[in-house]
Amino acid sequence: MKREIPILITLVTGLFCLIGFFVPHPAVRFLYDDIQQWVIVIVGATYVLGVANLLRINSVQVSQKALDWPYKIVLMAGLLGMMAIGFAEGNHYSDDASKFSWMYIRVYSPMSATMFALLAFFIASAAFRAFRIRSFDALLLAIAAFILMIGRVPIGNAIHPIIPAAADWLMEVPQNAAKRGILIGAALGVMATGIRLILGMEKTYGSGESS
Amino acid sequence: MNLASIARLDRRWIFLAVGLLVILPLAFGFHIAPVEPSPRSRGFYDAIEKLPEGSTVLLSGDYDPSTIAENYPMHLAAARHLMRRNMKIIALALYPAGPPLTDQVLHMVGEEFGKKEGIDYVNLGYKTGNELVMSSMGSSIPRTFPVDRRGIPVSKIPVMKGIQNFEQFSLLVNVSAGFPGTKEWVQQVVSRYHLPMVAGVTAVSAPEYYPYLQTGQLKGLLGGMAGAAEYEALIQRPALAMRGMDAQSLAHVFIALMILLGNLAFLGKQPARRA
Amino acid sequence: MLPLALFAGNALAFPIEAKDTPNDGGRSVTLTWKTPDQHPARWILVRRERGGAFAPVVTLDGSLARYVDEADALTNGISYEYQLVADPADPPLNSEISLPVIPSPDWLDSTKANVLVVTVLFFIVLFFTINQAHRGRRWTFRKIPGLVAIEEAIGRATEMGKGVLYIPGVQDIDDIQTIASMILLAQVSRLTAKYETKLSVPTNSPAVYTVADEVVKSGYQDVGRADAHQADMVRYLTSEQFAYVAAVNGIMLRERPAANLLLGAFFAESLLLAETGHSIGAIQIAGTANVHQMPFFVVACDYTLIGEEYYAASALLSNDPLLLGSLKSADTVKLVLIIVIAIGCALATWGNPSLGAWFSAQ
Amino acid sequence: MHVSHDIGVWVAALLTLGIFSFLYRDNPVYKFCEHLFVGVSAGYYVVLTYFSSIKPNLLTPLFQHFGENWNCLLIIPFVLSLFLFSRFFPRGDWLSRWSIATILGVYPALRITGFGQSDLVQQVGGSILPFWIQGDPLASFNNILLVLGLLATLVFFFFSKEHEGAVGGVAKVGVYFLMVSFGASYGYTVMARVSLLIGRVMFLLDNWLGVVRF
């Protein structure tokens, strides 16, 4: 029972959604539409579960005085503080002038934007220290990268209009061909995995402990 | 200083050089070259330009502050273009941290063009479920989004009147930072519900979408800040992206040089390694 | 409400076509008409059940030429008639009354027929090959250079008396790429056990840690070297992206492994890890299905398992009939597609685009 | 220069610099910022998820719309959502598998049809091209190159045959096409990262220091 019911649930919901793509008739669509509505909510609940889990893991680390534990307190304070502000403001949490919006604009947003801005520096350093042209393959890669880097910004056009034209051609023909090959291969992989999951053939690692 | 010693250079010097190359052109604003629109940006522009005035357009801003520099300018420019042509905008965001950015864009541009929230545009906000939300909208938008971002029932929002599913939209304008975004809209909506679509995406993901352009699944594509700058040039409204292009150009040249220098230094180092 | 007199016909009437919307769930009628050259500002669309009285449905922009009437008011199986009425009524330019139309639901969306055919064919091949694999059939597959290189790299680490660092990506255990990485890790741990080489596996998720630890332990047991297994071979560092990168880079600089194996789902950290690994002179072998990150691995690593190669490698090592059968079926379909594209292009070149059109239909 | 007097801008600027401090090396200020970021974003997600999905799509229709429009089937997602939390109780965690099972049914189905239509069938359709277009040799050449590149890439990803002889040669051509596409991705990634840095510098120069107005 404990094993069979989840497999059955996956099979039924999966087949309904699969058939619903091809069959518009209300006899199928009625339940198809409902299942989608339900899962939107359940996915929302998994987010809440994930955060509850984050709290649990971090409070354990704090209580055990694990490595960097004082920072885990910062994490939990940020989490609980943000939740308190949001729920205290209720339906007005999304107003432009709310405290929740202030936290979003002044705290969340700048850090989120800066995290990936760091990569501009790292990419330059990696270009210098770890971009090795030691084969014909790597040479092709480097030439394509050069044409794109210069051809995609105004300076390329200022040097000569042929550079952006070459960049366009490169993107539309050879790179397009390879990307499509990857796309088709990946599609076959996703479809094969998908049907194995729906039919309950896939053994998944730690579906229980993965939280 | 020979080449081998360059190879041992502390990488923080490179960081410093990158920083300066970006800060200086922005601070002093010199001008290297004008922005030339590409055919893909033109496709994006034409798709909106071709629509009859007053059409209803779905605007999905699927990004968050981490890619604000690339996506926000195109989001802003698209909203300006749409409102200038009096389109009705139904907006949403499938990144959790996206809805405030959509608010910001719509409020700002709405004020510029005298458009009112609820009458000319609406922000439906965020919904959990990624591509499932798209698929579910194909069945019923009012069921998927019973209320807008402010909690107002969509049945009471004038601009939502008659909106049932994708059939009522003339175009899907997607501003995307990755998953869920352009790929998922193409997969779940474009071919399935026959809705034309244009996308403004981060440069990282842009090459992936070229196959969709060639098949016509996408009518236009803006790639990264450079794509946004081209679009700003097309709607003749220079803004953030165009002002960033000098710094962008210089940094690209610098990184290209770094690749060359790094390989020269590597060649210089080779014999020592064999010895 | 409009006076009924408005709905009367007139001499200048133009035709309007009403059809049951095809490929839908019913209760929907698609109306098309050719907009007259001098159209009014607006149309008022009116509808009646056959024999009943006309009532307005919606006001439309005068320039439109198509409208889909989808309403709860429509009932499947009932006959309806439509007419467009000009607004303002002067000049009187109404459409004819449409022929009666009966909305009805469909059992198959014919625009999806190509998807249905291709999907069903693929699944038939898939189940056939999986079935064959379960019965013990094994096909020969090509060598994967990156896989051969892994064994060489571990060998070299042994000669140098240094360790092997195995980084299983940064996704959680439910990601397919991480699962594939665990299969590869099983093989790697058997090799390090055999060669008595130090293995180090830093993880960024507690769940991956649990599984990886189990995998490494059984790898050592498989080759009868449970005694050589050490408890701290697999470690959980942190879930924060850049903190994880900083910690792994620290391990590389301190322990100076001779071989770096980066196998799994990688994102922005790929270039940071590959750069540090390159700077310490380790042999680097990477494998990922994340297209964006492949360039960084290709330029900084000695071998890269590209996309499907990565999955294929794990399928070959796993000896799992499910994975092997899937690999074989994907190959079969690819071969068919290559032939179809070749034939289609030949036909198209001779002026017959029908095969391409069938695939492109939506 | 008009340095901002808004405390919010100062907070944002200091946090920005705190993250940038990682460039020097991993340090306590960076660690503080990173953990604060993770915490605040998790808190943000909970509030947002509640107000934008759980409340309007479940709680309001389930508890406030008793009467004519009441959809009794919504009890199902309500129960399945609660089941998710059973994993906090050692003996009840099998219940959470029911909820996960619904998710595991829906997404693969969406992906099978989504990938099948857009990334498989449509892409094959887009690759069936005439090799000769009257009066346009360049377009003809591009069509030929696109199709040959695609076929060579597919041959490279074909695992049932050893890469020797003619197959090996074609696979090698496939690798060349892949390398060009990786080069293109490299160039675009550089572009993306530089843009993000430009965005932050604009914020610091404009909103915070007021050196220039963008």
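Order as written gives the chain letters A, B, C and D; numbering starts at 1 within each chain.
The rule is simple: contacts are C-beta pairs under 8 Å (C-beta built on N, C-alpha and C of every residue); 3 or more make two chains touch, one makes a residue touch a chain.
These numbers come from a predicted model, not from an experiment.
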(request) Mind naming the chain pair that shares the most C-beta pairs in contact? (result) A-D
(request) Please identify which chain has its centre, taken as the mean of its CA atoms, farthest from the centre of chain B. (result) C
(request) Return the chain label for which the distance between chain Cα mean and whole-protein Cα mean is smallest. (result) D
(request) Measure off the straight-line distance from the CA centroid of chain A to the CA centroid of chain B, and report it in whole Å. (result) 16
(request) Find the geometric centre of each of chain C and chain D from their Cα atoms only, then give the gap between the two centres in Å, rounded to an integer. (result) 12
(message) For chain B versus chain C, what separation do you get between their C-alpha means, in angstrom?
(response) 21
(request) Return the residues of chain D touching two or more other chains; collapse runs of consecutive numbers into ranges. (result) 22-23, 31, 34-35, 38, 41, 44-45, 48-49, 51, 53, 57, 106, 110-113, 115-117, 119-120, 122-127, 146-147, 150, 154, 157, 178-179, 181-186, 188-191, 194, 196-197, 199-200
(request) Give the residues of chain B that touch two or more other chains, as numbers and ranges in rising order. (result) 15, 18, 22, 66-69, 97, 99, 125, 127-129, 132, 135, 144, 149, 151, 191-192, 203-204, 207-208, 211, 214-215, 223-224, 226, 248, 251-252, 255
(message) Two or more other chains touching the same residue: where does that happen in chain C?
(response) 112, 115, 119, 122, 242, 291-292, 295-296, 298-299, 307-308, 334, 337, 360, 362
(request) Could you pull out which chain B residues touch chain C in their complex? (result) 52, 54, 162, 164, 167, 191-192, 194, 204-205, 208, 215
(message) Give the list of chain B residues in touch with chain D in this complex.
(response) 12, 15, 18, 22-23, 26-27, 29, 66-70, 72, 96-97, 99, 125-129, 131-132, 135, 144-147, 149, 151, 184, 186-188, 190-192, 202-204, 206-207, 211-212, 214-217, 223-226, 240, 243-244, 247-248, 251-252, 255
(message) Per the contact definition, I'd like the list of chain C residues that touch chain D in the complex.
(response) 112, 114-115, 118-119, 122, 139-144, 240, 242-243, 246, 291-292, 294-296, 298-299, 306-309, 312, 327-328, 331, 334-335, 337-338, 340-342, 344-345, 347-349, 351, 353, 355-362
(message) Help me check something: in the complex, which residues belonging to chain A touch chain D?
(response) 2, 5-7, 9-18, 21-22, 34-52, 54, 56, 68, 71-72, 74-83, 86-87, 91, 93-94, 100, 102-123, 127, 137-138, 140-149, 152-153, 169-188, 190-191, 193-195, 197-198, 207-208, 211
(request) State the interface residues of chain D toward chain C in the complex, per the touch definition above. (result) 22, 26, 31, 34-35, 38, 112-113, 116-117, 120-122, 124-132, 147, 150-151, 154-155, 157-163, 178-179, 182-183, 185-186, 189
